[in-house]
Amino acid sequence: MQTHPAKRVEITIEAPMERRLRHALEEADITGYTILPVLGGSGRSGTWSREGQIGLSGMVQFVCIIREDRLDTLLNAAFAVVEKQIGVVCVTDAHVLRAERF
Amino acid sequence: MFELAAANLLSPIILSFALGLIAALARSDLSIPEAVAKGMSIYLLFSIGFKGGVAVADNGIDAQLVGTLAAGFILSGIIPFVAFGLLRVLTKLDTLNAAAVAGHYGSISIVTFVASSSVLESAGLAAEGYMVATAAIMEAPAILSALWLASHASGESRMDAGLLREIMLNGSIVLLVGSFFIGLLTGNDGLDLISSFIVAPFQGVLCLFLLDMGLIAGRGLRETKGALGGGTILFGVLMPLVGASFGLGSGLLLGLSTGGIVLLMTLSASASYIAVPAAMRVALPEAKPAIYLTLSLGVTFPFNLVLGIPLYLAVATMITGG
Amino acid sequence: MFELAAANLLSPIILSFALGLIAALARSDLSIPEAVAKGMSIYLLFSIGFKGGVAVADNGIDAQLVGTLAAGFILSGIIPFVAFGLLRVLTKLDTLNAAAVAGHYGSISIVTFVASSSVLESAGLAAEGYMVATAAIMEAPAILSALWLASHASGESRMDAGLLREIMLNGSIVLLVGSFFIGLLTGNDGLDLISSFIVAPFQGVLCLFLLDMGLIAGRGLRETKGALGGGTILFGVLMPLVGASFGLGSGLLLGLSTGGIVLLMTLSASASYIAVPAAMRVALPEAKPAIYLTLSLGVTFPFNLVLGIPLYLAVATMITGG
Amino acid sequence: MFELAAANLLSPIILSFALGLIAALARSDLSIPEAVAKGMSIYLLFSIGFKGGVAVADNGIDAQLVGTLAAGFILSGIIPFVAFGLLRVLTKLDTLNAAAVAGHYGSISIVTFVASSSVLESAGLAAEGYMVATAAIMEAPAILSALWLASHASGESRMDAGLLREIMLNGSIVLLVGSFFIGLLTGNDGLDLISSFIVAPFQGVLCLFLLDMGLIAGRGLRETKGALGGGTILFGVLMPLVGASFGLGSGLLLGLSTGGIVLLMTLSASASYIAVPAAMRVALPEAKPAIYLTLSLGVTFPFNLVLGIPLYLAVATMITGG
Amino acid sequence: MQTHPAKRVEITIEAPMERRLRHALEEADITGYTILPVLGGSGRSGTWSREGQIGLSGMVQFVCIIREDRLDTLLNAAFAVVEKQIGVVCVTDAHVLRAERF
Amino acid sequence: MQTHPAKRVEITIEAPMERRLRHALEEADITGYTILPVLGGSGRSGTWSREGQIGLSGMVQFVCIIREDRLDTLLNAAFAVVEKQIGVVCVTDAHVLRAERF
């Protein structure tokens, strides 16, 4: 089946920043992404877990599939939000069906 | 007062908190799902807001009500400056972290407020219904004070219109204020309709909620052991007393009932662990949650729950003569 | 009737819906976790099914019951054709979207049904217990009519055995019918055992559930602003009146009590936003959720809640003489 | 006894279980969110622990209490060996899977315990309050016996200190024991405060919880159809009878009340499906959950619920004379 | 440590289609996959979020790790289900431990 | 925007093993990972779904982004935990922003 090259960008970021990242992506005209819940994790600022957090902290993961030539726009938009924040950005090569959608 | 503290200590509410604390410190995997915890907190906010509104509908709106709301607004805005000063004296926190911590102490802990109301009820003391509205009003101004403190220190502005909007429209505040107005509009008829939901099971839900708070506080303490210095911990038990004395003074000036004074003391003494931390993550991301959350939830919250509230009650009773 | 509408408007249930609506339109981040919302809807379905079963156990099964169930089945199957015709007149929707929307109006909204029961209760009017079973029966036939309409237009069949099975075994329908039978089998003894769970807190849970519905409706309206044309919105308030008149006629023919007529009117007037949208996503994926969901949840649901139900009650009372 | 079984069969609790079972076998998509299911189980554990503690506070601590706790500990440790022997006779399971299954039958099902308490209540029989504590004590020893059986067979040790710690600090055990102590410390005063939360809605919550259990059991049975041989299923209905007779003997020796004997029989007869499976996944990952979970949840649990409990009640009443 | 090449296929699809996709994969003899919950997202049909949706819509994400020679079977099976539906299919190169399992 | 090569390791494992895997990673000095909840799945041991499981089983997914030279340490640590257990380990090439964090 015919597939087309693309980039898969995964941004793990604190839940209170979700709205800001959504907004930054929108500003950069990036309108395709999926948000996954995160149960817990560990990083330089220690270990955490979501059970019973009543929204105290918590992270979410944005997954954004994008044409290669739009990657830099995305990374710049994301970086502006993530910069000072706790968070991780990871890019992988990918292939998609139905390239016209991206 | 010792009797009172002992009775308070042996209430299922405090013991549930202790159970959570012990379970977390012993590394039990006991946990309450996030969705259930959030559901309980929605229930509690809706219930206290509604009951407050009904109480105001019963008593009517007067000058004292307006004065108390104004006092709450001012207390929330001023206390962070006092906390900031005390932090500079007692601890070595940098200005950014000190500002973030200070913001928590101007704002309020709604669960501490609820626990205090329960103690008043057991003691047979009534309080002004609009204290709930005062609680809602005290949530936010402290955040602005904290951001002003941080901006002042770093020279760069920490406030933007979007953030301000977000703070005012924070879910907890909207729910508390909204259900207050629903209670105000529907009054005792409304209360009759839903009292077997919002009144009867209230204390029981509070037990489970405090079990969860204990679990969170215990995990926080375990993970940040050592992160808090002695001076910081001292601040965590001194600051509520300072805050409470501000609340006491204002309550006396306003001529509140003994119960009302206790609640205003509790509000001033308590530190936020929901609205303010969320705002700080956005506005002051460099400040360390390990410090402000542990202090607020792991030190000041249990202090108020176990010792603070009975103390405030004893002092207020003594001064007002009951 | 204005008094009635006013009393209805000032009930905590309607005000909770309004609070959710306002919070969402103001972009507050207030939200109810999906698991809690689903838990509440399970509670409501279980409770109304059970109570309906107990009511039938009390009254016995008779010809009227069978007739009403049959009428519900037929109403659900026919109303989509009427809705489809009205849509073609009032709007420019293509046949596929029109068919999808039409299906929603043949099916029912169980929360509207519950709200209507609450209003009846406040008004001191009883209704036939098997109206709950009628509600369950009306869930599905409309979906088949919608698929028939869409197949007819596009020339390709939209129904398959798997889908039919899924529709009949939809969780809401199974729970409603199942708890109806549990109520029927255990009768008043069963009710005594669990009434402090399914009766006492019911209205309160309904408030929180409607808060959530308000939030969802508000977000839907905000995000699709402009997607609905004037004709479509007009359809959203006219169609419930058309549906209700079908319900009224059937209720009178069946010789139902005034309360029963009001409920049948409400069922006919209400539009689905759970079972039907899920079925449409599978069977008519090209139809736009932004249209049918917003219409059903953002226009017709609040219309029925605020104006429709008091109106149906007034009309039924007038015609039956109380 | 047939009357009793029939009355039991027609209780909303059993019917809710049946509804879940049927819905799952018919492949309905009815489901209860994990968070809600976990919330209900926290509620049930907290409630029965608390009520048990209050009962002990009422009656005082005596030699019989200590004896019963010791008996529970020993029963939980010994029953797996009996179960293991029976499995070797009746089935072709390898030692590893047999050990895993055996562990489940030494431990207990808290929901079966609760259902048994409900039946006692309906029959107007009281039981010793500390049976809850006995239930808590019986959770864990069986796990150690199972690991010993598995280690013995494979020659490699299956126990480590971390696992032991995890078992003892399992959330369910901590919550049950903790709320028992809260009930013990606060007594009837505490109960009065929260009884409209932990007593009144209890039976209703139990219905929804059993609906979920039915769904899970039904899905398990559907997916593993054929995985269980005839001998294994026979074990699933014989073993509870064997366990119950151990409980009966111990209860008579201890001089428990009729109600207490029924509960000890139920505990011995029931098989775990929460604590033990979790431990087995960690310690005996090669053992198949499809076997032990389906046996415990799909065979023994419904057997006890529907036939076992009324039988144990009838036998105990006959022997003790009421 | 020895790893083996494989493909990682990520299919984001509406929750009401979950059962159908499971079934299509089974038909194609693809029995290994993991389903992740999705919190929210954005695409051509707008922005959505899961809070309080009572199952109104909502999406899920299938992650399927598969031998390269089985990729086309998988894509065909998935495409048949996703075709008219809202949804995204994304393939990346991967390596797995324990190749015999795939 | 400047990115740096890294590996993205995805470990799907039973929930009761979460604590053990966290511990094994810590021992191996791997302190950066994110844990995602899993809704359901299918594998050699059949199909399962998380609804109403009250913790009966359930899986979680660790996502760990790591420098290439640390990959083997990670795989060894993970393998020791996963070995006898139900579970899947999948590695992909990736690029990250802010390499100093990994």
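In this document, chain identifiers A, B, C, D, E and F correspond to the written order of the chains, with residue numbering beginning at 1 in each.
As a convention for this text, contacts are C-beta pairs under 8 Å (C-beta built on N, C-alpha and C of every residue); 3 or more make two chains touch, one makes a residue touch a chain.
What you are looking at is a predicted structure, and each value in this text was computed from that prediction instead of being measured.
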Moving step by step between touching chains, how few steps can get you from chain D to chain E?
2
Could you put a whole-Å number on the gap between the CA centroids of chain D and chain F?
34
When the centre of a chain is set as the mean of its C-alpha atoms, what distance in Å lies between chain C and chain F?
45
Hey, how far is the Cα centre of chain E from the one of chain F, in Å?
18
Can you work out the whole-Å distance between the CA centroids of chain B and chain F?
39
Give the residues of chain E that touch two or more other chains, as numbers and ranges in rising order.
19, 36-37, 47, 49, 92-93
Would you mind listing the residues of chain D that make contact with two or more other chains?
29, 31-36, 38-39, 166, 196, 200-201
Among the chains present, which pairs are found to touch?
A-B, A-E, A-F, B-C, B-D, C-D, C-E, D-F, E-F
Could you pull out which chain F residues touch chain D in their complex?
14, 16-17, 19-20, 45-47, 49-58, 84-86
List the residues on chain C that touch chain B in their complex, please.
10-12, 15-16, 19, 22-23, 26-36, 39, 196, 200-205, 207-208, 211
Which residues of chain C touch chain E once you look at their complex with the stated criterion?
31-34, 36-38, 41, 162, 166, 212, 215-216, 219, 223-224, 273-274, 277-279, 281-282, 285-286, 288-290, 293
Spell out the part of chain E that touches chain A in their complex, as residue ranges.
10, 12, 36-44, 47, 49, 59, 61, 72, 75-76, 79, 82, 88-93
Give every residue of chain A touching chain E within the complex, in rising order.
1, 3, 6, 8, 22, 25-26, 31-37, 60, 63, 65, 92-98, 101
